[in-house]
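Notes to accompany the following structure.
Letters A, B, C and D name the chains as they come in the text, with residue numbers starting at 1 for each one.
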Amino acid sequence: MTDSSKPTMPGVSRRAVLAGGAALTASLFAPKGLRAQDFPTAAVNTTGLAVTDDTVTIGILHSVTGTMAISETGSVQAEKLAIEQINAQGGILGRKIEYIQEDGASDWPTFAEKAKKLLVNDKVASVMGCWTSASRKAVLPVFEQYNGFLYYPTFYEGLEQSPNVIYTGQEATQQIIAGLDWVNQTKGAKTFYLLGSDYIWPRTSNKIARKHIENFMEGCEVVGEEYYPLGHTQFNSVINKIRLRKPDVIYAIVVGGSNVAFYKQLKAAGIDMTEEKPILLTISVTEDEIRGIGGENIEGAYACMKYFQSLENDNNLEFVKAFKEMWGDDMVIGDVTQAAYLGPWLWKAAVEKAGSFDVDKVREASPGIELTSAPEGYVKVHENHHLWSKTRVGRAKADGQYEVVYETADLVEPDPFPEGYQ
Amino acid sequence: MDYNNPNFVLMVEDLTVSFDGFKAVNGLSFYVEPNECRVMIGPNGAGKTTVLDLICGRTKATSGSVSFKGKELLTMREDQIVLAGVGRKFQTPSVYEDLSVFENLELSFPRGHGVFGSLFFRRDAEVKERIAEIAETIFLADLLDEKAAFLSHGQKQWLEIGMLLIQDPELLMLDEPVAGMSVAERKKTAELLNRIIDHRSVIVIEHDMGFVEDIATRVTVLHQGKTLSEGSMERVKNDPKVIEVYLGH
Amino acid sequence: MFAGYSMGELTAIFAMQGFAGLILFSVFVLMALGLAIIFGQMGVINMAHGEFMILGAYVTYLVSHVFADIMPALFSMYFFVAMALAFVAAGALGMFVEWAMICHLYKRPLDTLLATWGLSLILQQLYRSIFGAREVGVTIPDWMMGSLPLTDMIEVPINGIFVMVLAVGISIAIYVLMFRSGWGRQVRAINQNRVMADAVGINTAWTDRMTFGIGCGVAGVAGSAFTMIGSTGPTAGQQYIVDTFLVVVFGGAGSLLGTIASAFSISQAQSIMEFFLSGSMAKVLTLLVVVGILMLRPQGLFALKLRK
Amino acid sequence: MQTDRKNRFLTREEAVYFAILAAVVFLILPLALDPFRLNLFGKYLTYAFVAIGLVLCWGAGGILSLGQGVFFGLGGYCMAMFLKLEASTPENTAIQSTPGIPDFMDWNQITALPWWWEPFHSLFFSLLAVVVVPVVFAFIVGVAMFRRRVGGVYFAIITQAIAAILTILIIGQQGFTGGVNGITDLRTLNGWDIRTDEAKTALYFVNGALLFACLFAAQYVRRSKLGRLLIAMRDQEDRVRFSGYDVASFKIFVFCLGAAFAGIGGAMFTLQVGFMSPTLVGIVPSIEMVIFAAVGGRLSILGAVYGTLLVNWAKTTFSESFPELWLLGLGALFIAVVMTFPNGLAGLWSEQIMPRARKLFAGGTARPAPASPDTAAGLTQPRKAAAE
């Protein structure tokens, strides 16, 4: 064992050390000052992963170029922040995390190619990555074949549970049901207009929403359901249809550039969301998206997800501060960014619980892992590899932030294959 | 002329084409007999080239009829018209510049004109002999392997005539075959044309009166899309209407 | 679908839907005019057209910041300055591109397509490097957002009216420029016979450069206007390309009137179908119909029948 | 006078070039690369199928299609449907509400396999469909367009629109097509696990063999009279028509042939990469495939293969090292090729490198090579000095 395995971190910038110092300290399974010599490489790495006596290499796999770069940038930043903070605390099992970043280029075959490269050539111990369902579906067989371990940050449609993936975002039922119940109970909403971009996540989410509205919410009904191609920018027709149907709630799952067009045109058409006639409830607009839309255009809309930047707890205040110190004051943090931030920490906890970097052992150790230090609060890994988490409803303000107006009392259990919603 | 002669090679009747209201050819009728050499003359814009375009299908007629050996040409595609036996030479020489003289001629050889026919076309002795023979006729025997792009203007004209000859059409239409040629080339071309117009019907557009007199069996004078006068060179020359159009203003 | 609605409500909805169709029409006209000039008059296929539009959008974004920082009092009027600057910026870039690239490719129209595609990749990456991969939010002056209540039930979005007015204005300006000015005569002369135009003393090189610049400048103005209704990001321009080309081709290249007529028919078809079908299917059907008609009538709606 | 006017399938020079490519594909790459990189090159080579088709359509025939991704995608989807059905045994899909159908159908509440999926249980049918479906589609498009004499720019734009339509359609009909995710998680081909390194290596060689089969087919076409007709048509369409050829049917043929190649490429892509998605159908991949052909040399079928390999290799390498610069590099490369080397690598080789090399080896006596755009794979026959 060498000196450099000591928890003093050469090569970490002052800024990062500051950030690390300010960051979360307590993770149940992360006692400080683990020393590499207590964990001989031969013992903690029996499958030939890229682990040396003082480093462990992981992969970051997101789109830096192409249409998805817009969304994935925040995740990359959060993951890098978490890695620096972990390193500043002494790394994992006394080993500093190094990362290899690959560009998926918004192209699913490229994601598969890069995933394979990371696992086969670089032998990374785990991968933080992917954003869209399509990219995850593309890399999934690769991870299962080569027994890699992926931390996937995005809220998504569910219907999946891979032994090689930890889903740090919410699956659809977690995100949808609480919000619908809330809008029904507190706002008395009865009629819903479902709207989405045309791909699997909005469609599956709307399917769950529809089942919930029709089967579990007394006297409620869906009065319209509609999909537009990705990148569509003209929504005046659907806005007219909405006027015709007069729903209590517009349930919108529009993504990407379409989002911007949709909210701008909604506002221009005189549908004032602050007046709640109708209420706009979305599960696809995080603080990140508001930057493109413009806060003044979406003011008054409600979003239902597990994290908002405005959450007022100590973990989050520290996280937001560290994030802005590292990436700039004008950064905003959305739900997915926070979920991406959890990835390295969850992995660290699992590795330390397992006392090994071996994927099989980390997998075995993962269920039951808890983080009390998560910005969103307490989270816990479920047997099904998703997270127990609270669901919150926020109301968009003109400054681009959400004001949290509701939070589930308990953690919501992840249920990727929901009975009664198929 | 005997208009009831059933042996006309080509019968053009009441042919009209209008471009956005402008009638470039207007109710034109004429008849071509076997082995006749018909020359069309007329001032610029009289519709001479358009008539050839209409016959060979390049321009779609508005109304009328063009009958070639009893077949109505107006409803046929260009390639079908060619295969029926109508050959056409354009005003500006159009040969395949990227191909050799040999290949240019080969493409006009009347065999393998379908997709699969050309895919499995074989360059056999018959093809080579025929090409050699034609090349001799058009003074290009020595240049068979030269790229057409490297030929002189006159040589390109000859090559195009050769490409027509190898098709062996029954009706040959030539649009100003000696335009833009040097005096020597012109002489050689006239000789060439005299040789090839034997045994087939020919329609020629030409301005060179000496040349016309040399080859014409019959002359049609077009004016504003209509026949102004028709008959032997002698008769046409003395037709007062023709004189007026050409000289009267 | 319409059961349980009063006549008045239905009228209102249909009026607004008709208006939505007109807005879409204006959007198409704005998108297509610049391309119609470049493609119709010069035969150049500019695949980077969308990126020129986005350049206009970014200029608007920058100008809005400058106004907000330096002269907040005039903020409500910044949009006009932004549009003018968008025209200048996109036009200047267009002229530069013409000089550096396009003017060497006039004899190879398909190659301009490929080269401008390369240009569009470069521009996208430049936008990404300069402005970041995220979409930027362009703050629109308050008076331009919101709607104008015509009756109790009919409300008309102001930005829609703005886009319509702009579309009409630019169409008229281009019409005057192309058909009522000496310069327009030169452009058309070059389009018809480049060699001859050269011979009679028209400075073809300069006219080409100006034409290309104006086409790109109009794209810039369109992009600037679209900040009101769409998103501004490095790759947002790609969304427009297929629609724009179809509008121009469908109208018959070379005919400004055709472009406008085709924008009208495509937008109305799409807007009506969107009302009765799902958005995705409406889009597919519209494109299919357009492609189908183009197959039957490749020269487009309006094209002169010429004597060859 | 009698010059050698034999119409040989390969000239000696071309035979050498083919042999070199064969050595690269079958010897050098497999020996030099680990299975992972070899699989990557296998993936690149699937694009080369499309590029070869483009050389025939665009380089030789002057028909620029910006929708070749459509055919690549159709071939790929046909293969993927078979593989997906094989992977979706009732045992594998026991957790679904309807076991035995593909997972994405189950997610979309589809309870029975659509009728048009049924035939894809048969490997033979699927393999046939890989070629036939793209060809039939190309035939319909081709008849509609070429009979109406749509060409040039218009053809490019319309094919582009078709690519857009098909993408929206595939994404919109996700219950039947897998939507934006595509058809993923493909495992076995008639019981043979295609995910192992051995299988991928084997597939690489199959891919290489098919590529050469297509290369030879393309070479045959170019050598035939039909090949010369295509060139003639590109330059003087009217003249060809007035030599008695039905121009449209030749264009339709070559467009269908390009579609067939692309379909085969797509199927090999599915097999080697393990999934198929609509991102390979759309406008961007279609134009990228044109880039490959342009960089390699739009007139040379071998150049197209090298161009494909080079651009993709550069893409992978650059994006590993400088992801931000990749697009700039690609854009610049593209402009440079179009502006300065319209005949791409092959043109560079035959116009710049070979003449110099010849001069160098033959001293001053060598006759300068003709400025033929392509000797590398002989678009036109290498001209012999005219006899006498």
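As a convention for this text, a contact is a pair of C-beta atoms (placed from the backbone, for glycine too) under 8 Å apart; a residue touches a chain by one contact, two chains touch by 3 or more.
All values reported here derive from a predicted model rather than from experimental measurement.
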Point to revise | Pair with more cross-chain C-beta pairs in contact, given B-D and A-C | key: A-C
**Study point:** Innermost chain, taking as reference the mean of every protein Cα atom displayed
**Key:** D
Review point. Could you state the distance in Å from the CA-based centre of chain B to that of chain D?
Key: 43
**Study point:** For chain A paired with chain B, centre-to-centre distance based on mean C-alpha positions, whole Å
**Key:** 76
Check your understanding: In angstrom, rounded to a whole number, how far apart do the mean CA points of chain B and chain C lie?
Key -> 48
Check your understanding: Which integer distance in Å separates the CA centroid of chain A from that of chain C?
Key -> 37
Point to revise | Touching two or more other chains - residue numbers and ranges from chain B | key: 58
Review point. Which parts of chain D, given as residue numbers and ranges, touch two or more other chains?
Key: 168, 171-172, 324, 327
Review point. Taking each residue of chain C in turn, which ones touch at least two of the other chains?
Key: 125, 128, 238, 280, 283
Exercise for review: Report the residues of chain D in contact with chain C in the complex, numbered from low to high.
Suggested key: 58, 64, 144-145, 148-150, 152-154, 156-158, 160-162, 164-165, 168-169, 171-172, 283-284, 287, 290-291, 294, 324-325, 327-328, 330-335, 338-339, 342
Exercise for review: Flag every residue of chain D that touches chain A in the complex, lowest number first.
Suggested key: 34, 36, 39-40, 43, 95, 97, 103-104, 106-109, 168, 171-172, 174, 179-182, 184-187, 195, 269, 273-275, 277, 279-280, 316, 319-320, 323-324, 326-327
Check your understanding: Okay, in this complex, where on chain D does chain B touch?
Key -> 1, 3, 5, 7, 221, 224-226, 228-229, 231-232, 235-236, 238-247, 249-250, 253, 370, 379-381, 383-384, 386-388
Exercise for review: Would you mind writing out the residues of chain A in touch with chain C in their complex?
Suggested key: 64-67, 69-70, 73, 198, 226-229, 231-234, 236-241, 243-244, 256-261, 264-265, 267-270, 288, 290-297
Review point. Of all residues in chain C, which touch chain A in the complex?
Key: 5, 9, 13, 16-17, 19-20, 23-24, 27, 125, 128, 132-140, 145-147, 149, 155, 157-160, 226, 228-236, 238-239, 270-271, 274-275, 278-280, 282-283
